[in-house]
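One structure, as structure tokens, below. Some questions next.
Labels A, B, C and D are assigned to the chains in the order they are written; within every chain, residues are numbered from 1.
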């Protein structure tokens, strides 16, 4: 399959460029009978759109979604769902400079070589963070599908910005608080500090990175496919598609590599409501690539945003000589807060795809009389 | 595609169980005209096989590979290459206990539920680390293919065991030293310490985890496919298929999330031999999912081996009650050293698949007269 | 992969419904550097659009294509190309009757059962012949790609309508004449007779079927992949996606099954320009699933159009009782003439996909300075 | 996916060469809990094996299958099932002549060009009809799976050999009689005539082709996926993988192209047991790419076997000059009778894959206590 397609039985095709006519996606394989309207997608897109707060880019994009196919009388039909957002606030002129002077940290240079100079470089083209909106469109549908059919919920939130981090993992706290502040951190006090250093970074013409944590609950035991479609394999494949993601860990992750087996193994016990659970969750809810019924926990590391106002060294591709560059455009000093719905979307998408593969979600969801 | 198949234009199918008749793989899509014999696979398998040293499992498996198809007159033919290893040293009796008492940290419980009790649980069946030999078979071919056709080389080595780590990244040093000691660490002194704590862990009935670092050099600029088949996406999908892997990072990875953009961005410059390079390599050689010509650097975190001699708490699946378990079988106190060739294999496999997808490797490799 | 996606390295995703907002497609995997504009697609779409002549449906659809992504400065960029046609002349009211009374010969009944009554039935929804326009959009690009990069040309034409057929196969004659008459038959006299019986069928409230023949020339030797992606396998998979297609044969096809091996085998010889050719072409240019350098010949059988004006017997899905139906809407008495560009499109698409898979078409097509 | 893999959620990988060490296959995606042993495969393989009667090749191959993986305690486990047949009766010496002198009708020439002379040409290598045994191995499992889980049965039989044909389609008659004679024709008298002309063809150093008809019963309404994975699309893709197949039609097929819509449409009615059925079955049980509950009928045209004893014209690839060839080896004068189980296998395989995709077959088939 080509690179712009994700999934097996639920498939997502992303298209569009940052400064082209539109960005959009096609979702194929969604079961029939799911109640769905543009507002289901819009609510998630609004959480991702630019210009939301002082710590995001001031570029204004309404990002209003239009569904072009696949819905009839308010329900999915099993036909492919195409949805698009028309691009509005594009100012491409500043990008002429990057045509031959690749920005450090961006895809400019390898894309130029790979595509022989034919790629649309305006606003980073296909490599723009803007394209994550197409992931959110598909993921919003997957999220609704999972909740409606299986009661599965997925939430993500910020646990680190730059050097400031927050570690108390609690699903309920995170669900309640994450959207109450601009950085989407469950703890309001830490959130304030995070916000403050993002503002500082912007002022100094710099940028910050951070970590997003994502938890899924309500999962059945056994979701996933050994060995090459393990839950970790397919989730990481999807999540590494997000620009700026450079690290992913499940459960105790890298810190677990320093523990002993007797410390890291999650012993089994019987819960009060007579279910088999583990006492700890160092596995992040995944054993042998299969969910074990515990919350699925994944942490995603975002590098600091590549677009910074500071002058940097680069090269001129025509003269093959060194030169300076000041990156044009209006940018996020830290992409982490706006990445929250993107992470939720892709995790939901992969879980939904696996649930369909496994036959957990029926091909028709409702017996509504027509 | 089903879960036991990896790749697009170079595909690997893994089959077999730890205590079944054999383990094996089929590699489809290998160009014709590559000189290949069983010894090309055997040399890599020997680096993975059990019983090599005091710090690995004492289970003896010769792991002698047999190629069943796809080679004619010493060359690949473009036909699928099937290779197998007959299982020899299997003692399945001790595994009766795990049928209903799942081992902490293992796939036993979710696999039991997923497969309705039909899965082959002997020696962990399909979930056994033994199956990584099938990855090595395919990867050894990919490695030779990459080196012959494009001059690409990939090496992996141990940088952390438990709490002991080694950070001086040097491709040349690692290439030279990694196989000179039992833990496959480039630094002999650190290696000695690592070995010592592995022996201690075994003595105390416990296990250790660690980190493997992998570097590929000689890569062209532009390898990879945006957006869902980014280089990070496809490498992580493959690497998370290795049992015990719970964390992956590229370049500066998680530590890079704490840097500022001006610190983490890799500025461009012109090398002495007039090539475009970056001054640093925090990107790990990947920008926008595409290789940028710098060394590709990925770090893989392995949890401590799940099989430990210490008594642990588990549950009985029949009576739904808590009980103790002492894990049977002969096991590695730390899987990291034996995972080195597995990591190299999967990274090579993905790079080769992408090189073929991109048209870099011709469908016929040699003009040898026949 | 899900059902609305076709191809491996060149992929086509079709979306939209007959009476929905639009129909469209995404083509992923097209190499960068191909000069492309909407007119390249429009010229082929115009050959397929309704209302062209007295023998097609009188429904008027301008079918004006808009490219939404993937083109920059007049060239392909390697990014996915999305193109759509907004639906205009839809009158859905007459279709209420088919909601519960399935039309004979149409997908109504199985679609109703499969999708639990949620499918968009207006104008046949996803099953409408209208969706073949999405195949033409993608195929038009493939056709241009093949001609530009490899000089491969594909033409289709009508060889049978009802009981009237025309057998003299000549690539040059067909190329010259097929679009000179309404039925797209290379022979003007036969074409006149075919047209006449189509008009008769319409008058009597009935419909006709027929056969389309398709020839590709300029093919290299060896295109195709054994065994499950043989040239016949992949072409037939694509062509059977066209509504009404019920039969496909290559070369001597069914009539060849009555010959002896000594009659049907194509003996080799050396051509005047010193090439290896076959004296006959009963294989239709394909041996062992691979092209052999001779013209590729495939014949596609279309059943008579299912929508007829005559009253027919059907059942009521609500009362589970027999009833009559008079099929609503404005329809083609024979779909064959309008299917010509659809056949050319899908054959071109598969050939282009295989050429890319095989590495015949480079990822960047032009060295135009940018 | 590469060319030697078929299917989406049930996948079949074929490997091996006619005169290599073995031929084999891996079937991935089979649900757990299906009772399965080698005899389930052997019974179908015996129907395909050479040397069965006077009208097949006199080459002797026991074709004894060995299952190498995926079965535990007599049941499938959901793990990939590998099965092989060791090659025994191979005499490769006579094939030296075809290395440079391609046999008319065979893949020799395009394979030589495609693979740069590296392909294993002995006994036709990968292009040998012998490889259809790997299709039968996988198909035998699919057949059992379909019958056990859904009650679906598929039978094929000969309806034409050379110019002699038999048309009375009756599932019951065919099921009863097809294996009572050497040509597998349901009618014993016609079978005798067919046998006689096959013997004549052999005597005259020639070969014959023919037609196989295949019927599946017990199908649910709605199996198949629009539009590119229509039932016709996926069945034809699989069936055209069989060497010698050059034509496929469903239902009334090519003869239906000559009918009027009012004649070819299948009107609906209510059956005596209150089911919705059609009065006729010109659609071959498929509407809009979906099964409609009627018997699925497909006819497959086989060209006369390419290997004939008569001297033929060919070329010498080294000297680029014309020459004669007498095809070496022991061959079937007509492959149709031995193709019957191959057709049944591939049709069953595709139906099973679609049933799994659609969620009709549960991932665990039995609740047998373990």
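Here is the rule we use: a contact is a pair of C-beta atoms (placed from the backbone, for glycine too) under 8 Å apart; a residue touches a chain by one contact, two chains touch by 3 or more.
Keep in mind the model is a prediction, meaning the values are calculated, not measured.
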Pair with more cross-chain C-beta pairs in contact, given A-C and A-B: A-B
Chain whose Cα centroid lies at the greatest distance from that of chain D: A
Centroid distance [mean C-alpha coordinates] between chain C and chain B, Å: 45
Chain centre separation in whole Å, for chain C relative to chain A (CA means): 38
Centroid distance [mean C-alpha coordinates] between chain B and chain A, Å: 27
Touching two or more other chains - residues of chain C: 1-5, 8-9, 14, 114-115, 126, 363
Chain B-touching residues of chain C, taken from the complex the two chains share: 8-9, 356-359, 361-363
Residues on chain B engaged by chain A in the complex (per definition of touch): 1-6, 8, 12, 14, 102, 104-111, 113-115, 126-127, 131, 160, 162-163, 201, 205-211, 221-222, 224-230, 232-234, 236-238, 240-241, 243, 245-254, 256-270, 274, 276, 278-279, 282-284, 287-293, 301-308, 310, 312-315, 317, 320-322
Interfacial residue positions of chain C with respect to chain A in the complex: 1-5, 7-11, 13-17, 20-24, 26, 28-29, 32-33, 68-70, 72-73, 75-82, 84, 99, 114-120, 125-126, 363-364, 366-370
